[in-house]
Structure formats: structure tokens, C-alpha cells
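There's a structure below that I have some questions on.
So that you can tell them apart, the chains are marked A, B, C and D in the order they are listed, and the count of residues begins at 1 in each.
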Amino acid sequence: MIVIMKMGATPEQIEAVSQKVQSLGFQPHVVVGEKLTIVAAIGDQKRPEPDVFELMDGVQKVTYIMKPFKLASRDFKAEDTVIPLNGTQIGGQQVVVMAGPCSVESREQMLEVACALKEAGVHILRGGAFKPRTSPYTFQGLGMKGLEILAQVREETGLAVVTEVMGAEQVPTVAQYVDILQIGTRNMQNFNLLHAAGESGKPVLLKRGMMSTIEELLMSAEYILSHQNYRVILCERGIRTFETATRNTLDLSAVPVLKQLSHLPVMVDPSHGTGHWELVPPMSKAAVAAGADGLLIEVHPDPERAMSDGAQSLKPERFVRLMSELRGVAAAVGRSL
Amino acid sequence: MIVIMKMGATPEQIEAVSQKVQSLGFQPHVVVGEKLTIVAAIGDQKRPEPDVFELMDGVQKVTYIMKPFKLASRDFKAEDTVIPLNGTQIGGQQVVVMAGPCSVESREQMLEVACALKEAGVHILRGGAFKPRTSPYTFQGLGMKGLEILAQVREETGLAVVTEVMGAEQVPTVAQYVDILQIGTRNMQNFNLLHAAGESGKPVLLKRGMMSTIEELLMSAEYILSHQNYRVILCERGIRTFETATRNTLDLSAVPVLKQLSHLPVMVDPSHGTGHWELVPPMSKAAVAAGADGLLIEVHPDPERAMSDGAQSLKPERFVRLMSELRGVAAAVGRSL
Amino acid sequence: MIVIMKMGATPEQIEAVSQKVQSLGFQPHVVVGEKLTIVAAIGDQKRPEPDVFELMDGVQKVTYIMKPFKLASRDFKAEDTVIPLNGTQIGGQQVVVMAGPCSVESREQMLEVACALKEAGVHILRGGAFKPRTSPYTFQGLGMKGLEILAQVREETGLAVVTEVMGAEQVPTVAQYVDILQIGTRNMQNFNLLHAAGESGKPVLLKRGMMSTIEELLMSAEYILSHQNYRVILCERGIRTFETATRNTLDLSAVPVLKQLSHLPVMVDPSHGTGHWELVPPMSKAAVAAGADGLLIEVHPDPERAMSDGAQSLKPERFVRLMSELRGVAAAVGRSL
Amino acid sequence: MIVIMKMGATPEQIEAVSQKVQSLGFQPHVVVGEKLTIVAAIGDQKRPEPDVFELMDGVQKVTYIMKPFKLASRDFKAEDTVIPLNGTQIGGQQVVVMAGPCSVESREQMLEVACALKEAGVHILRGGAFKPRTSPYTFQGLGMKGLEILAQVREETGLAVVTEVMGAEQVPTVAQYVDILQIGTRNMQNFNLLHAAGESGKPVLLKRGMMSTIEELLMSAEYILSHQNYRVILCERGIRTFETATRNTLDLSAVPVLKQLSHLPVMVDPSHGTGHWELVPPMSKAAVAAGADGLLIEVHPDPERAMSDGAQSLKPERFVRLMSELRGVAAAVGRSL
């Protein structure tokens, strides 16, 4: 932490900052320059509240040196986290594809999709039972019945299952039915939910908030990790910008940035990231080329009749073709799929 | 809802769209132009899922005519909603100020602030017992003990109290202690929480998500209103933009826009909106001049020692002076304070 | 400038950074902490190219202490810059209103507006002769004929005149016709134009780029100031964000932030900032309450027939009423109008 | 164009809109619904000024059907535009790489880079003679001397050359020295410059404004195309968002979106798009996988000593390796490189 004093800060003000640094358990180093003075406090394992210094007389600004996340960082764990699940390894050499419809609509729909996906080489099935919808007047998901359908299809097909959980109070129930708990973009900073997901011990697919920074995503992962639940999968799914041609702006640079900063696996959701099914194939290929450990893709047997997100869903045939296209790209960057 | 067909759409494609419109219960009107054809479906009280048409062959895009919110709109209720509380009226002629520290830290702290605020003419005390913090390693609020302190101070001073509730599971408890439930910016689309707040029957202070549009804010209000809980207070608190000179960008235009679209009261939080106490006085005056029904201001007796958000908190003396400055601005726009 | 070394940086790497600091003419201070080491270079009147250090082995990041602008800063000149013009003073005690139509359309139109504005107490007339338009197929302004009309109306009414200049090559000509050169939002970083405006010696109204930071605005002012042309007026006119309810998001916090950082006068353009005439009155009042030194308002005698920006133009009657409303707000914050 | 009337619009208001539609040369179609009425004007080859209708009594909003760009659209020209240059074809089957240092610094520097690039298979050399810099106090480019160096290196190596032109007044000169004129991100809406570039008849590399939508990029291309200069190359180079981990957010979805909407070639600049050299290889591969027609990459023999943008420049060795990695990705998506 470095406290930069204002021009003309008095010796008393500098001394007060030094003493405050000391009172917080750090060693202050005062560097006096021609125009400016700084007080450096090295050794900040634990950040003090950010505002402590900014209000002191004579202080211009405070800069932090240490990253605020710890358990999620490469400094804490240098080698990649690999999460074995249902015969595949998330974060390993293979690019893992999770696919399925936005919403669980019926047993038939799920079974039809699941079989097609399995044949295409998918290991993990996605499908929403509880749906976060902007409007209270639209389809909100099948709820418990959706969970039961997921559990049945899981048993019948042998696919692992991931579904979204929308509040801390739902975690224990949802955790009984599925293999991976998904925390959605609107809940990335629902801290009660993060705590509950951490306590559940289940693998967690944590989607980046649509207006959250990469650092905030890692801080939210830190909430889960702090419960000794180390099976956290990060997911870039598009951020909100001024551009309206796409539903969100898929921030693929986040993939290599996250891989540099953190040991956790990084997936990409090109379906929500773009909002248009035609854009899913090129952006899926781009995600793999950028180094993503996996993809989350919406597939629906009849997108025109989907109860949510039809416009961004691939039909199974198109998805099968995409899988084969992706194998070439994966190979070009030294991965399998 | 207006379906715009692609150039060169075939008669069959146009017919298919018309039939789909009819199957949804609307009357289709086909308008054939020189280059383009549109199919208009007037009477859309209930929106179909947005993606239904976009996937049909020959469709270029779909435009909605009706606003997606209903109970929150001026069309539904033309006159302003006024919420009487503790001798004042939120949404009435008077500009209502809610003030207090970011976090409840101790009974002494709260009582000291509360007395100063009361003397300055404040009717409603704010203070967080449960704190949503980006980092799991920072102060998370006093929790239940904080609620008890709020209840005591409420009793001793006669001030009404508003505090944040962070999850659906906490609503019944928090509702017992306070007069207004606050839903924070990170939870604006925590739909489980919105349902629970609606069911509680308590007045709700709904803060705009830092990443949410004005329309989404009204849709979230709609969740609460749909439980026949009509005492919803909207609050602009700054949105996230590319500018870093301020913590957020306070979107004051949202005030007149919301007043046009909705009958609900609109408050402004210049403390979170700017992140710097020096900016709170000018932006408070600006908010009142723009037509805000109230302000939410952080006041702390000793900001340097605040356990959160010290940098944006006013000292009580500065706050008292601000109240008197605000009276002049309120009068200039035909309001009292 | 503070160079923060990576954890585990070697003594050789630290030494190399120190020597680089010295070679640039600064005195290096090495502060060795428990985990991290920093090299501080105090006295940086002139910033080195930002990337010099970031590529050196062992360097984690570089933080700059000094603001990059100098002539525009309060450190350079503590007292407010006041620009006398046509009997008023921009940046003085009085709030200055510049008003007029978006485009100069005819002599009759300009004269009609100008007379109404003058009677309402306006000192400075605005009107575009060269129009920056997104589409090459829309009205591009009257060009030279527009300038001549402005000059005539200026002579007939005694109003000062401000108009936009779109390229360096136009500066000498435009400078002959008007009192203030306006640099538009899309040209805020047209550096050739900034140089030419600086050289002209004319007062310059510099509008903030719609996606430029406050710091970048001050850096663009610095270009003009570096030609010893100190008559620069800054103008906040709305920034681009994800919100679509308004044309732009008017960033009124920029007013007090700019007044803190710089001595230059700060105006606000609520017409472009909101894009809707109904929002112009509340946001004009808010701007004055926030401390703006002036307003730039679009007024058109017949907005429905305006050749550009009709939707955001006030009719003269509404403008006259606004002027009287603004006087009350100005008085409440200790200003006249 | 569809004019949506307010609820309760009177027959007179609807009639007035219809007449206005007619007076603009369109055929009005009035569709009367249960709650709302719309007036559709089909056949809008030329858009009227957008604000004409919005101010009419009883009008709620206006929606445009036709895209505002014409010459740049696939509707105008279905097949891809291919620009032959120096033995390669921009927009053809081959992915074209333009590379070189940010700034021309000396003849030796340029020659060294150019030879390395040529050997690696590059056809087009980039290098800035005129540099748009945020600060007037930093290196502004060698100017005319830089152009001369570019011309010499072009002659000696046989590479084609692209360089930035910063104002309309510079176009005739720069056009004499180079093969492609680059219009930079800050000048994407410098309309005088767009006109001049159009008139020059030279191929133009048009970079997307960091604050500009995809539609605005195509409208700026339209300015150039409207001068019968059809050799326009679009370039995505990162947009400004709230994320600060990267210099900009590289919007790779823009590649397939632009390819859908337009026949013009689309390049990607991962150097400016990310701002960090480590991110250039993954994002280059991602760009090719997403369907980009080419890449613009900064390469510098000694990035630590670069006069601008060193942090985002690859060393020649790393660039050579990247070229070979890119060949695999290009092959996987059916392209060569």
C-alpha cells in the first residue's frame, strides 16, 4: 500500500500517516521527493479498509500493491486446478463442452437433447429449473419438477448435470439433484448465495456478472474458496457495453487474463455472450483458440418453440457440426475435445 | 409488436408469421411496402417470449410497442404514489432525507449520529447490519446485533429506520426490526429476494443495479408490486461506466425519466453515486434541482474510523450545513425539505 | 512514478530498474518489503513514456503519481480562469447561457431566435454552419453561407457567436466570423484541430468526448493551452453508457470534479446530454445546482421542422420560462444568471 | 419507418402524422389496434431526419426499418469485396497480416523490422509517422521524415506500407508515400478526414472508434464509399468499457457481425485491443478463428526502448512463432495465412 501525499503536505501530516501505518501493523517507509512525498507500507498481506487513509489531511491518493484475492491467485497455487467429473477433467488438456437447453421444459425435451448431445461427445448437460427472468410475467422455470426431470435424465443417460441456483435458501435442495451448481450473472455478487455454495462442497460454475470486472469475479470466487470448496469454475458470458448489435459483448480477452491471474478453469458461454445463434459457432471457435478450458452452449431441439432464449440456441444438427469444427481448432492450439 | 420481414421474404414466410401472430391471440395486420413487408400485431397486453418470431424464416427483427412494465407505469396509475411514514410523506411535496452511517458499528455510534440527524430535521435513519462486500476478508456487518441496535435507536429517538436485506431467507427477520427494507444495487435482480420483499408487505427501497437500465429497474419494481405491495421507492445510486474519476457515474437524468414513466417515488444516493464526500453536497443539490423526491446520504461521526465507506461519508456538521443549503434549492423548485 | 516489482524479483532486476530510473534523470528510492519491493522515482515533472518500465524483467506494474496535465491544473493556477466576452464573464459569478438552434438554417430563422434569446438575457448565440453527422446522406450544414448568416446576425443583434469547427484546415476561416470556436465531442481528440485552435488565439469551447474520461478532456485542453491560448471553456455534454433511455448519460459529477482539478470554466450541454427537450429544464437546473459556470441549450423556433436535433430543442417560450426558473436555482447556490 | 402513436392519440393527430408521411414522399399505412395505433411508411430508401416525427403531438416513438448504411451493406453488394495489393488479396481466402512498430523511429529500426517481417511472410508493413497522443508532451511522431523513411523501406524491401493520416489537410501528402491510408480510432468520425480519404482514391484502413457502435463504423465507411472509393478495410481494435484489466475490450463478435452486414474486409488489431503483448498471441488466434480477414500487429525490435506502445509490441522472434501458430488455426477454419 502506498500513500501519496498532496503537494505541500506538512511534516505533521506525513507523520500522522506514518503512525497510522504503524498502528495497522505495517512498517512505514517515507520517501521525500522534490515535489511529492509518499509513505509506503510494504507487507500488506491483509488490506486495511480502503478509506482509512484517503480521509487523512494531506493525503492525495492510496494505491494498493497486492491483489485483493488470495486463494484464487496463481501466487497461492501455481499449477492449474483440474476438476475430475464424470470421466472428463475440467481444466485439463481436454476442452469440456457443457450443453443443453436454456430451460428444462419437459422430460421428453430433455431426453431428446441429452441423447443427441451424448452422441456428439458431450459429458455435461445444462438446463435451467429456476430461471432468473427480467419480467415477473414470463416463464419462471419448472422449479422442483425441473430438478426431478434433470435427475431422471442424468440417471438414464449417464450425463452429469449443471443447473442454476438462485438463492442461498435453495442450495441444499438443488445440491441433491445435480453435479454442478451454477451461479448466474445476476447473482455473482449475491454474497449469501456464494457462502452457501461454498458450504455445499459441490463444484460451482460461477458466471461473471455482466458488469463485473475480472477482479470482482475472482473476489466472488474467493468467497466460495474461503469455505475450502476449491472446485470453482469461472465462466465469461459477455459484459454489458454501449454496443447493441449483440446482446452482450463477449470479452474473450478475459480468458487469457484469468488464466494468468488464477489457477481456476475458465469456460466461455458464447450463447449468452452474443444472443444470436449464428454467432455461436464463430465465437465458440474463437474461445477455444483464446485458450478456454470449456464452452457452455445452448442447444434446443426446436428453438422456435423454446420457452426462453430460443434466439441464441443451436439446433442439435448444427451443434454436432460445430463439435467437429471445434476439434480442428482445439488441435491447432494443442488441446483435444 | 411489429415483425419486420427481410427483403425478399416469400409470401409463405409472411403467411407463417401471420398465423403465428394469430395463434398467440393477436390480430395480424400485414403491410406490404416497395421493399419490405411488416406484420403488425396490435393489442399486445402480454408479450410473447421475445424469441418466438426472431427465428422464423424471413424475419429480420421484432420491435415491441408496449412497455414491459405495467403496475409501475403511469399508464396504470397516473397520480404520484405517496408513502406516509413516521410523520413524513415519501413522494409528496417534501423532499425526504434518509441519512446515517454505512455500517452499524455500535450503539454509541448510532445514537450519536441519530441525535444529530434528528436535530437537523431528518426523519429516517439508515445503517447497514448486513453488508455486501466485494471481499470476504473485509467487515461484513454486525448482523443480528446490528438489527438490535437499530431497533433500540429507533425506539429511543423516534426515527424510522431503513436497512439492507441481502437474501430472501433474511426478509422475515429483518422485517421485524425496521420500517423500510432496502434492496441493494447488487441484488436488484435477485428475483427470490424481490418476491420475498413483495410478500413482506413492508415498504421497499429498491436501489438501481449499477449495471441495470431504467427499464430493468422498473421491471424489478414490478416483481414487488405484483405481490400487491405498492410501497416501492426507487433509488438512483450511480451506474458503472468507463469513467474512473468517480466511484460510479450518478445518472441524474434517471430522475425525470423515472418520474415520467412511473408513479413511484424516486430518491438519489449521492454518496455511493460519487464515492467522495466532497462531491456529495453539489450532487445532492443537483438531485433536488432535477426533481428527486428524496436523498440517501451517508453521515458518520468519525469517517476516518468508519468500518466501511468512510471516504464518502459526511461529518454531522457538514451534513447540517448541507441540509440548510438544500432548503434553498428545494424552494427554488417548489418543494420543501 | 512508482515501479512495483513482482514477488521474487531478483536483486539484479531491481538494480536494472534503479539504473533506468537514474538514466531518465530521476532519483530512485528502493523500498524493500517482506514480500514486495518498490522503486520510487520522485520528482517526475515530465512523465517518461508509460511503457518503458512495464517491459523490464521483474516489474509487476507502474503507478504514476503526478497528474499528466499541467497548465490546466489548479496546481499551476489556483484561481478560477475568467473569460470576459461581450459584456459577460465566463467562469465568473454569473452563470452564462449560450443558446440557439443546432443548425443555422436561414437568416430569418437565426434572427428570430436571436432576438428572442437576447430579450431573455442571453449573451451568446450558438448555431452550427458545419455539422458533423453520422450519415453522409443527412443535412451537413450550410457551410460558408452559415458563417455569413452568423456574422450578420451577430452584427444586427450585438450577440456574441459560437460555432463548431470540424478540421484544422477550417480554423483560420471560421475564426474570422465568430467569437468562440467550438470543438465538438467527436473531435475532442482531433489533435491537429486542437493545435490549430490553440494557435488561433480565439476562445475555445471544448466539448468532452462522449467516451472520454475527465482526464482526457483536460489533456485535450492542455493541447490548446500549450499554445499560450488560455481562453478554454470545458463542456460536459453526456457520455456514452449502456443506458438507452437517454441519448447520452449526462455526467454532472464531472462539474465539481473538473472545478476541483482545473481552473478553467465548466459548462454543461443538457440538450445533447439528454436528447429530449422535456429533460432539458430539470437537467439545466441540476447543472446550475451542481456548480456549472454556464449552459449550452438548443432553442429552435419550430423544432418539428428543424434540420437537425429537433427532438432536443426547446421552443423560445419554454426557454424564456426556463431562464426565470434557473434564476431561482442560481440564487440558491450563490450565483446570478 | 414506423410511427407508434401514444395511447389515446386523437384521430387528428394520426391524420397529421399520415400527412407528414405523405409530404415526405412515402405511402402511409395506418394500423389501428385495441390500445395503440401505428402509422407505417414503407419504402423508406432515404431516411427523413429522425426527429421530424418525434415532436408531433400524439407520437410515442419512431422505429426505422431500413439500415442507415447502403453502399457498405450486403444488400447493395452480396459478394465479398476483395482488395488486391502487393501480391496478396485483402478480403480473400488468405488471412493478411499487417505488422510493424507503432512509431517510425529511424531508418535502421524500420529496415530491421521490415526484413524480419518479410521473411516471416508479411506483405504489408505498418508504422506511424504522425502519432495521435493523448498528451501534447509525449513523442508526436517523426512527421514528414517518418513518411520518407517508410517510402525508402518500401522501396528497399518491396513491402506495401500503411500509415495513419490525422487530418483532411494531410491526405494528399500522405497518399503520395504509402499504399494504404489508416484512419485511427479517434478520427473515425472526423468527417472532413473521411471525405478527403474517399476523394484520394487510396485503399483506406478504417479503425473502429473506441466509442463507436458497429453501425456507426459502417456509416463512416459509407462516407468513404460515397466518393466511389470502394477499397475500404474495416478494423476492430477494442472498445472502451468498464473493464480495466485490458487497455480496451476487444470485441471479436464484431467480426462475424460485420461480415454478415457488410461485404467489406474485416481486420482485427489485438495489440491495441488488449494493450499487453502477452495477450496478443491468444487474441490473434481467436480473431482468426472468429473469421477475421486479417490482423494488424505491433512488432518492435526492442519494445523496452519503443517511443510509443512498447508494452503491447511483440519482439520479432515471438512474432515469427505466432505466424506459425496462426497457420494451424487458419487451416482449421478453412483459410490460409
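To be clear about the criterion, contacts are C-beta pairs under 8 Å (C-beta built on N, C-alpha and C of every residue); 3 or more make two chains touch, one makes a residue touch a chain.
Quick caveat, the model's predicted, so the values are computed rather than measured.
Q: So which of B-D, B-C or C-D matches A-C, with over half of the contact pairs the same residue numbers?
A: Answer for the repeat of A-C: B-D.
Q: Going by the average position of its CA atoms, which chain sits the greatest distance from chain A?
A: C
Q: CA centre of chain A versus CA centre of chain D: separation in Å?
A: So the centroids are 31 Å from each other.
Q: Averaging only over C-alpha atoms, locate the centres of chain B and chain D and give their separation in whole Å.
A: It comes to 39 Å between the two C-alpha centres.
Q: Which integer distance in Å separates the CA centroid of chain A from that of chain B?
A: Each chain's C-alpha centroid was found; their separation is 26 Å.
Q: Give the residues of chain C that touch two or more other chains, as numbers and ranges in rising order.
A: 211, 240-242, 244
Q: Taking the complex as given, what residues does chain B use to touch chain D?
A: 2, 4, 7, 27, 29, 31-38, 40, 42-43, 45, 60, 63, 65-66, 75, 240-242, 244
Q: In the complex formed with chain C, which residues of chain B make contact?
A: 211, 213-215, 239, 241-246, 249-257, 260, 273-274, 278-279, 282-283, 285-291, 325, 328-329, 331-333
Q: Would you tell me which residues of chain B are touching chain A in their complex?
A: 46-47, 49-52, 54-56, 68-70, 132-139, 166-170, 186-187, 189-193, 209-211, 216, 219, 222-223, 226, 240, 277, 303-304, 306-312
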